[in-house]
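Worksheet for the structure shown next.
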């Protein structure tokens, strides 16, 4: 690719901001649209960046949207770039990166497992950490809150001493 | 290593419910009249003695405590001294299942299956807080773990700690030995 | 590399490996270098830092613990393994714990409860080989202190009275000092009425002296532990 | 070579007792008793040796020095529930432990423990031992096939390939010895008679390990593989195949496999003693003492090897056999034959 | 004696069958499950199934204050619990801008590197156990016991340390601790020579490892394989060097790399890393300053400010990242734990293809996985 990475990022991202690496641990943060994700990831790939992680934030309480977070880093000299991708709440779908970064395969499965975000064209989008028959997405904010726990302990159960 | 305190003062925790006494020998309590039964009982005692001294654990670790279980089998603690160091990888040849580590909801059916694969008489040791009642991973409304191994298999010995020291596991095995010697009747 | 050279170097490595194990074998049998700790017969030496289930410290002054049932440990505990209850006790100012239940099976030995304890009355016990037939591992930490409760109240009352007396004395002294200072100040002011405002330094120093005294006095009010220890 | 050797015939148990119908059960009793004690001791020794190598104590609490440990194990295994898994090939599954057990018991009878006595004197003894040893692989295969378990099957398949391959260098190296025996021992007795092989060595005061060092090494390596001992324990490779061919066996059936494994160790060691280490030959001590001393010393070496090395991979194991052991043993055999015909 | 990497191309004859390894299998390091499709003994397809020790660390982090998450941190990866525990503390310190006193920095480095050695020793043992060598496993456990004793004397735990506190450590070390550490390093160096004779030189081990399970630079890059597994492929990436944290930039150490990317390279990298950790410990002991172990000024409550934060540290297995989102309260809004074994294991299906069944064990053992770290 003849175009260098920063210009490519400028072209594709909706918004970019410089961040204080000493404070927050990453250099730049970009907000992007789902349509440019694959192009941008390819640009990162060709510039020699690794995909460190994919995760998600459940911001439905504030913005009605799930927010995917991608972290790219360069191994030779650290340059951590975060991508923010807000997902359309109707489809809850995003394009997969697993054909560019093979490691994205499992990260995306985990995001699906924990947040229910689907990835289109993913080769094997199934549960990864939770049991196959789980009927919940564990890290969604409306699931498994401690303060919702029904009162009543289960202490003082007898062990089997037969 | 090497420095050893030889005094026998064992510190015991003041339990709220101090029922942690060894089970009584059922044969010793009742007066046996029928000599045939007595003879059978002697044989039974002999077999129990064999079982008690040959508790082969299943090679099976779940989480952190498994490392301490390995340490208990390694040179410094050497469970083999009590005949309990023969870790069998196949459930068919194991006598005691040491549940060492957190039991996740995904794992619990597997553990039940392994338990069913073991031949009777068999025993289970719950090692560590997680297998007693969920341990540090238990909180209200949690979704991931099984709160206690005794929801899956009948547990004979409970060893608290996070993780328990290898000495505690050996103490547990010695207690299990007492229990086996006393002749717990096995089901199934 | 030749077939035979490879065979030779391979065999050599095997023989040297067997040498290592033979040496260990001889070391164990002939020189008694086994590393095994014969556990039930020999007990391990536990480090002072060793962590097991928490317990209450017995202080010498009162021959009892110093738990004031503030519940800071119950709140901080990540594993919800502490349940305690307590309240006012007749005769002394301090609150006193009535039940202190700690579930060893839940505890992760993180030590946060020790960190937050305002009276520093918690420490790790040295129980290292607990095992039993029962799943209930709730430990009653107050149990060993129940018999000494009356003694404690007696002693504590004495301490509190002594402290109160001391405080009163201190207060008196402080009052006296203050009056003195005020008098001196008044005198000074009177003296300095004519002279220019050059007396800033002295009262400032006095103020600074007073501040830490006040703080320690406030401390006296609710934590005796620091004074005692 | 020397032609002055007279005929040598040790007394068998039939000759001692007089009545063959009485001698048979007696021999069986002696063998079973001795083998049971042997296995109990060997398992104990294995655990002790491994412990010592690993700077541990091994069993110490059950009986003096933990001597009763294996007895306790046996009692437990006897009283353990026998699980018969579903969907197995019943006849094969049930027969396999017995098939593993019977041949090793039969083979023991042939070994001359001293100059004068042998339970069974057979002119084709060597062949008989190898034939019975070859049956072990059938048992293992039956167990693996009958268990309806993929690990067991994999173990069985590995075992068949391994045992058949390693039998070749094993027999070839023994054959070199037979050639030497026939050359030295005259034509009156067969070179395949175990008593005779041992007798020739004691009579000529030369152990064949000196004449056939290469054959001895090849024999020992192949014997390790034949008995499925580490580093050749591929069929039961614990960390790969769980427990290999006996994954599905519990209790007494499992202990029969155990029994045959340890008896097999004794057999190959005794055979090595007869073939290479002069049988009962030795100063001061009586013959049987020397015989068993040497056998158990070899067994100790086998244990020592087991607790030192990691395991080979299956294809490496086969490569090693076909590119190293077999060519070398053939060369050795040819060289022996050449030397004998020249001398 | 160097072998060319063995080329094993899967043959196309014969039926495929499926073999399920684990979750209870002696060499699946806990509860990994591998569903293998085999042709004979050759692997056509391998699918790791994980999650059998999922303990919901990330959900717990959203349900408790940052301070209360401390005991969890060392249980994410119990073999290098100290590194994770201190790493978590360092992450929070970075977020809250807490200055760590010098003495605590040195203590932390000693403790973390001792823990790294113990983790590598345990890997060494279990790896040999996977290959069928039982005795080296017990020897390495002996050595590891000594580290545990040393760490036990100051942290009070043997495995799941909760030694770090935000701003420092819980307990100061004494001279005996430093002496014991020095003595242990001296002993370890002689033991490493013994391991070389017993294990590293062993022809069987070399045959089992050389050319087996090659992870190429490209594969490592696509899967973001990190830690010793990456360095064995020739990339000198170590978070301690790339993004120095916790005072590692004050000390002199190398990042060992190997070129081949096979199991033997990973073996060598780890052994050489033990040596580097020894060097780090020696330097930290030699220049141990006096002073406090906790900062004088500490915030009363540890409130995670609004915004997102990333902190990386080098665990014994690779790049451990903590991604935390705060909302101003002391309970994190979100915490993602980027664990190295997760990425390392995800490269396995590609690496295992075409190898023998026995190699599976060697390769999976060789990348050094800890299941609860993967499942979290």
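Here the chain labels run A, B, C, D and E in written order, and each chain numbers its own residues starting at 1.
Simple rule for what comes next: contacts are C-beta pairs under 8 Å (C-beta built on N, C-alpha and C of every residue); 3 or more make two chains touch, one makes a residue touch a chain.
What you are looking at is a predicted structure, and each value in this text was computed from that prediction instead of being measured.
S.K.: What's the fewest number of moves from chain B to chain E, given that each move must go to a chain touching the current one?
M.R.: The distance in steps between these two chains is 1.
S.K.: Centre-to-centre on C-alpha atoms, which chain is most distant from chain E?
M.R.: The most remote chain is D.
S.K.: What chain lies farthest away from chain C once each centre is taken as the mean of the Cα atoms?
M.R.: The chain farthest from chain C, judged by C-alpha centres, is D.
S.K.: Using the touch rule stated at the top, which two chains are linked by the largest number of C-beta contacts?
M.R.: Per-pair contact counts point to B-C as the maximum.
S.K.: I'd like to verify one number: the distance from the centre of chain A to the centre of chain E, where each centre is the average of its C-alpha atoms, in whole angstrom.
M.R.: Each chain's C-alpha centroid was found; their separation is 24 Å.
S.K.: Quick one: chain A and chain D, Cα centre-to-centre, how many Å?
M.R.: About 61 Å, centre to centre.
S.K.: Would you kindly tell me how far, in whole Å, the mean C-alpha position of chain C lies from that of chain A?
M.R.: So the centre of chain A lies 43 Å away from the centre of chain C.
S.K.: Need the CA-centroid distance for the pair chain B / chain C, whole Å please.
M.R.: Averaging C-alpha atoms per chain gives centres 34 Å apart.
S.K.: What residues in chain D touch two or more of the other chains?
M.R.: 51, 53-57, 238-239, 242, 307-309, in rising order.
S.K.: Hey, what residues on chain A touch two or more of the other chains?
M.R.: As it turns out, chain A has residues touching two or more other chains at 129-131, 138, 144-146, 155, 157, 159, 161.
S.K.: Using the touch rule from the top of the page, what residues of chain B touch 2 or more other chains?
M.R.: Touching at least two other chains: 1, 23, 75-76, 78, 81, 89, 106, 133, 136, 139, 142-144, 148, 150, 155-156, 158, 162, 165.
S.K.: Given the complex with chain B, which residues does chain E contribute to the contact?
M.R.: 23-26, 30-31, 51-56, 59-60, 63-64, 71-72, 75, 78-79, 122, 137-138, 141-142, 145-146, 148-149, 158-160, 371-372, 375
S.K.: In the complex formed with chain B, which residues of chain A make contact?
M.R.: Contacts found on chain A: 129-131, 136, 138, 143-146, 148-150, 154-155, 157, 159-162.
S.K.: Given the complex with chain B, which residues does chain C contribute to the contact?
M.R.: It is residues 34-40, 42-45, 52-53, 78-80, 101, 103-109, 125-141, 143-144 of chain C that touch chain B.
S.K.: Could you list, by residue number, the parts of chain B that touch chain E in their complex?
M.R.: For chain B paired with chain E, touching residues are 1, 58-64, 66-68, 70-71, 74-76, 87, 89, 91, 101-102, 104, 106-107, 110, 114, 136-137, 139, 142-145, 162-163, 165.
S.K.: In their shared complex, at which residues does chain B touch chain A?
M.R.: Within the complex, chain B touches chain A at residues 23, 105-106, 133, 139-144, 147-148, 150, 154-156, 158, 184, 187.
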